[in-house]
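Both complexes below contain subunit A, partnered by subunit B and then by subunit C.
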Partner chain A sequence: MVFFGGKKKKRKGLYLSDKPPLTIPGIIGLIMSYTVLFAWVIAIVWPLFQMVVAAFNGRQQQNIMGNANFEFSLRHFEFLYNETYYMLWVRNTLFIAISTALLTLIMVSFTGYAYSRYRFKGRKASLMAIMLIQTIPTFAGITAFFTMHSIVSSIIPAFSRQMMLILIYAGPAIASNTFILKGYIDSVSTELDDAAKIDGCSNFDIYRLIIMPIARPMLTIIALWSFIGPFMDYLLAKVLLTSPSTYTLAVGLFTLISDFRTMNQPAFAAGGLLTAIPIVILFIVLQKQLVSGLTSGSVKG
Partner chain B sequence: MATYSLYLKDKIGNKYERKNNYVLELVKLDKKISEETDMKKKSLLHSEKKNLIANRNKHPHNIKLKEFHNQEKTFLKSLKNSEAEFEKSLSDSLNSKVKQLKTRMYHHQQRMTFYREYVELTYEADFKFKESKINVEQIPEIIRFIECIESELIEAKEQKIKLDPKKDAKLKSELKLFKEEAKKKRNEEIHKVKDRKKEGVISSKAEKNSIRELKREYKNQVKLESYKIPSKENKDFIRSKKRELSNVIKREEKILKADIADARRKIPIEIAKKKPKVAYLTPLLPGLGQMLNGQRRKAMFFFLASFFVYFIAIPYALGYGNYQGEGIAGLITLAEGGARVHKSLIFMIEGVVAIFLLLIGIGLLYASFRDVLLTEKNMISGIRPPNWFETKRMLFQEGFPYISSLPAMLVIVFIVLVPVITTSLLSFTNMNPQNQSKFAWVGIENYKLIALGEGLAGSVFWLIFVWTIIWTLVATTLAILLGFFLALLVNKDRIKGKKFFRTIFILPWAVPAFITIMFFSIMVAPGGVITELLNSVFNGRIEIKNDIIMTRAALILIQGWLGSAYVFLLTTGVLQAIPGDLYEAADIDGASSFEKMRRITVPLVLFQIAPLLVTQYTFNFNNFSVIFLFNSGGPFDPQRYGNLAGSSDLLISYIYKLAFVHQYQAIAAAITVFISLGVMFFAFLGFRRSKGFREGRL
Partner chain C sequence: MKVIMKNLGKKYEGRENFTLRNINLEIDDQDFCVILGPSGCGKTTLLRMIAGLNSITEGDLYFDERRVNTIPPKDRDIAMVFQSYALYPHMTVYDNMAFSLVMRKERKKLIDERVKEAANLLQIEDYLHAKPADISGGQRQRVALGRAIVRNPKVFLMDEPLSNLDAKLREHMRVELVRLHKNLGTTSIYVTHDQTEAMTMATKIILLDDGKIQQVGIPEEFYNKPANIFVANFIGSPSINIIKGKFREGKFISETDTITLTPSQEDAQLLKAYEDKEISIGIRPERFESGGEFGDTFEATIDVIEMLGKEKTLFATLKDGSDLLISTPGHFEYKEGETHTFGFDINAIHYFDSETGERINK
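Right, the complex of A and B next:
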């Protein structure tokens, strides 16, 4: 159906806005707001801009110098591609990140639903336990992780360090995201569930047909977070992964600025840029979902 | 001594008379005994009861019952034969499913006639009679359904052969024409809508929706038109009928089973038992009890539990099937005196795993025991044990939360709890550079060292601790305030370009933090962009990374830059969800914008994001990346910090250095335990303070 509205006509001299007209303090406040906002825009964009410049500047040598002249060149990217394991690092990181996100998503969607909608024996106790567990920092077991992996891999040789890493990332993510998702589903009234139940939906049907679509914004956030976790993490990957070809991006790129033998800061800038661009695009595309999904419910009273 | 009850009860609580006359007499006698006051008569009654029990095999009812059981046996045997014969007599042209149903029908017809005679004798026969009756009533219906759909299918297939390809081709070309025309029409309509948008008559949202609607309409039209082609129609018809067939069978079977389950609930069971025995006799072998209660499929699953307990958990705890260790015993010996390759740490981990496996095993035993006991008690009072259909249904209804969260729980136990417990145990040992492979228990020695600030590793603990606290408070609060403030600004009514600001402001969050941290690290290095900038402004030689104060300030600023984006995002989300009518109501009541902020915005936002803010504090307490990647915990100051730590090290990076660079794992574990407890305590407090928790919404 096409909606026919009245024709818009601009009438000068008639104040039509539903907001009160701006007063002078209001104008000053507005100008100040814009000043602050643009200052922060600069504070954010400037460092990132510097990185882009460094990545494309052919004049930069091993160390990035602030006073170097600019000359456009792609040689740092070529170096990255030819002389380092960059492509492997990308593949490793993607593998770990995607697996972690999927694993977390599947498990959390079930636990969040179960804890939000069901009253079962041991619910409160286990919820408390999960809440306490999620406050334990992930690194707490780090000395054991390495040895645990050698035990498991002696039984299942195919169990690689990267898989161990995936589990290590997913475990605590499950614990903490259960809480977040539970809170989110709590905010959705049970009317829809009840209606579905009356229509003969099983628990799994309700999960699949009602809860998952409603919780999608929150699930997107959870997925993004658990996807981004492995990208951000340095500590666990550094401890668990030992050979350069199995490194993740964080560990791999750090070797470009920390180790004198492999030092090449502009190549790091190039690699960082290449890594950041897809992720930033992902974030900006999903921005709407991310923001609106944080709090809104589905059934409004 | 337990006695029989006078009535039987079903699941809903309805009472039923007993059919077993022998038991009934016993019950009545018991009642008389308890009511009788005269001692003489009482003893008489007692002897009568004894007599009754002694002669129970000669009791007419019991004799009849025995006869019934014998008859039943022979009947079932003969039924098997006649059933096979009946199946053979059916014509081969029949659908296999129909054949099967017809055989089943025959089976239940026979059963019905047999059990009808014994309905008054025992509830067992009563139930079996009803069960067969339901089958007999419903199976013809199912067969009719199937046959009806099948005949339609056959007809459709016959038509398929008869189809005229010429007509088909002609209609197809007609469809093409129709398609083109409809497309033209659609495009015209879309143009009209777009024009209207240009004129400003409709909003862009309305434009989008109506275009979508037009496209959908076009699709539907084409689809509808395409069904005029006989071959297409025929194909779709056959497909849908086939689907219907399988669905109908499934659905009808389900109805049948549900009806039987209903009968099970309404017809009591009568067994000669006064108190549960099976449950107390079989607690050690899950599955056996279920088997004895007549729940065969359920028993299979519980036998799996038995398998787990006796072939996995217990052997593992005793040291069989371990990688190196000795099960639980390894926790005590810690590989002392073992072979050279044996490592204490492995023994410890395997001990912890063994404990968890045992705990799971005990849980399974208990669950099985409870299940058998409940079923048995129910059976004694007259409730039939649920059959597989009912069990399955119950499992997917009441058991759903358990089943669905089981994998998550397993991951949490083995990936989070096992290593964490190992670490806390490790803190009571002396694993240090001298004792890497084999170490021993030393009690609370490590904690003493930390608390008193003694020893090589413990002496700098408090220094680092204080900086960690300052860092956590300042950096996080800065990020929260920044993010909150910016979100308020951006979401003001009058600010234009919200989308632009939002996009820019989440960049610090969107760009992977390690990249920005490392690049900041490059920029403040000697010769870096920021250093050069500062040098030109202050006309000096500034070396941020070599100055403790400046390094710390830089770290806090960087974290504020990084963390604000997340808080900004959270706050923006909440702000957008606050219903506008709250503000309108406040406007009408004459609230100023400051009051609106104080009474509406801030409380609502805080209410929603308080728990998440708490996690921000704990996150920064353990923020390894920013410290380590920025300056590796430096600058180093050996006079105050010794050789093991740098001056901007947090406890977490100190732990990393202790455990993985200098190999003081035990003391690192002690610090880990210390800070984990602290973090957990504060996180817990934060959660309890948050309103969601207090209002009991947990």
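Right, the complex of A and C next:
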């Protein structure tokens, strides 16, 4: 930025932008755009800021008070750690999130690749069916899920409610991401597959060694989305999980603000803050993978 | 290695007609065989069948004595260069070239040797560690070739490998490919729609159209003895002049009587059977002459002149309004709008049966 700034100064008087010069209505429009954008930013950042402040404020009692004095303390975090099942909830959520992400990733890899590269009977019909079924919200099937779980768990006692939840999260994720991945793989030239076949790859090798590395940005996003899902969902987890020790973070934290007798809003804020950490870490780690444009240069030029 | 096709046919799933049928061919060891044809004629299908990427619906494909119909591509001992190069974008040039050997679980040292050798041959040593996205089109082309060479294949398949290069580079790569072919001594099969590539590179051309073989032979035969009107039209630029007419009393007379031509004695013998029948003559643009040395002449008005330097192409119109292409050396003086008298070199006339399109003076 400094470099460009310096250059600009030297050429003072020369109009270098490719856009037409701003007119008065243009300037007004620009100001309005920025006003809206800043308002938006404030709407998002202010509550977050309040949450962070409240989480670290030792003066806060049961209810978060806007005008309370500030005193730095980790009291609310200690409360979470000592008085609630917080660590258990973290473990549960991570277990469910990681399992969902893995399951989705593996299944979508197969389905996306198959739908993109193979021609088989019922290909179009099944794609259509998947699309249509998605219009029904998952929650509509909650009674069916209950029955299914009780049937399966009577045969396999190890099949817990959490596992059922993983399946419920992964199901729609697989369906919708199949489309996304299929579209992405469609854009990869089939000549790469042919070349790999001649080079001695089996169908699975082609996916593993050629297609998967190329589709990595997309796979990363899919994994990220399905990982975040369980962190965000409250409804399904609330209905399906009944004992506090099996709760996920969303359900568990809600118990801190759902009843006025056990109300602890600052602890809720602290828990929310901690919840963000794994997701933020994941984003930072995967940032490089998310960068797309890997296919350029494979074909033509 | 010899490649032999017996009655080869291909029908795609969901299509009514055969894309290719009754293909009988024999490609000799060390041949540089070019499969030529307009787009949609099935030439790429044929190549992919040889590669094993497309199944064979009927007939047999032999590599030497081995029937390879059902053998997967990797076991056919072939290498293929694709139109789009199909380099693996996430691997370096080195890894791209080494990939097939790695898949075969060769020793690391051997792989390294082979890759370096091929890189040296193609002069791409400097960017062995670059990604395909970081090198130019011509360099990618070389890498694609290198990837094929490294395998040390018995048959080298190429699917329009030069079509993505600019004109100058294409000319250069043509020569280089021929040189490479001579160096390696493998059988090469090359698919293209560009007749210049076919004429300049091939030791054997196969011209396909409409799923059938139109002619097989050396480039010279294609130019001087096209087997039918389609071949005559396809080969040669500027393209051949075809004039429709009748054979009457030992002479060829065009439909509107503007052109009369007495064939050479040899041709007259063969044409006897066509007395009073519809025939067409074909004459290459450069086989007209202006002296009237061979008797029959005609008048033509020059509409447009294309100056190519070493030659001029005259777009001329006959009295009846039909067009004619005449090419003359570049230093001859012609002006647009002029009317000139031209004659034929009667030893260079191709006679075709108008009905079947087949050549008469074989």
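In this section, the second predicted complex is superposed on the first by the 240 of 301 C-alpha atoms of A that agree within 3 Å, B and C clash if a C-alpha of one lies under 4 Å from a C-alpha of the other, contacts with A are read in each partner's own complex, and residues count from 1 in each chain.
One rule holds for everything that comes next: contacts are C-beta pairs under 8 Å (C-beta built on N, C-alpha and C of every residue); 3 or more make two chains touch, one makes a residue touch a chain.
Note that the structure is a prediction, hence the values are computed from the model and not measured.
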{"item": "Subunit B versus subunit C as contact partner of A:L74, first or second or both or neither", "value": "neither"}
{"item": "Partner chain in contact with A:P213 - subunit B first, subunit C second, else both or neither", "value": "second"}
{"item": "Touched partner set for A:Y234, first subunit B, second subunit C, both or neither", "value": "first"}
{"item": "First (subunit B), second (subunit C), both or neither touched by A:Q50", "value": "first"}
{"item": "Which of subunit B and subunit C A:N63 touches, first, second, both or neither", "value": "first"}
{"item": "Superposition-derived comparison: subunit B or subunit C, residues of subunit A touched", "value": "B"}
{"item": "Which superposed partner A:A250 touches (first subunit B, second subunit C, both, neither)", "value": "first"}
{"item": "Subunit B versus subunit C as contact partner of A:S189, first or second or both or neither", "value": "second"}
{"item": "Partner chain in contact with A:F110 - subunit B first, subunit C second, else both or neither", "value": "first"}
{"item": "Set intersection of subunit A contacts, subunit C complex versus subunit B complex", "value": "294-296"}
{"item": "Residues of subunit C defined as touching subunit A within the complex", "value": "13, 48, 51-53, 72-74, 78-80, 82-90, 99-100, 103-104, 131-137, 140, 147, 151, 164"}
{"item": "Of all residues in subunit A, those that touch subunit B in their complex", "value": "1-8, 19, 22, 26, 30, 33-34, 36-37, 40-41, 43-45, 47-48, 50-51, 54, 63-67, 107-108, 110-111, 113-115, 118, 120, 123-124, 126-128, 130-133, 135-137, 139-145, 147-148, 150-151, 154-155, 167-168, 170-172, 174-176, 178-180, 183, 186, 202-204, 207, 228, 231-235, 239, 249-250, 253-254, 257-258, 265, 268-269, 272, 275-276, 279-280, 282-284, 287, 290-296"}
{"item": "Complex interface listing, subunit A residues touching subunit C", "value": "119, 189, 191-192, 194-201, 205, 210, 213-214, 294-301"}
{"item": "Subunit A-facing residues of subunit B, complex", "value": "193, 196, 199-203, 206, 210, 213, 323-324, 343, 345-346, 349-350, 396-398, 400-402, 404-405, 407-409, 411-412, 415-420, 422-423, 426, 486, 489-490, 492-495, 501-516, 518-523, 525, 527-533, 561, 569-570, 572-574, 576-577, 608, 611-612, 615, 618, 622, 624-625, 628-629, 632, 652, 655-656, 659-660, 665, 668-669, 672-673, 675-676, 679-680, 683-684, 687, 692, 697-698"}
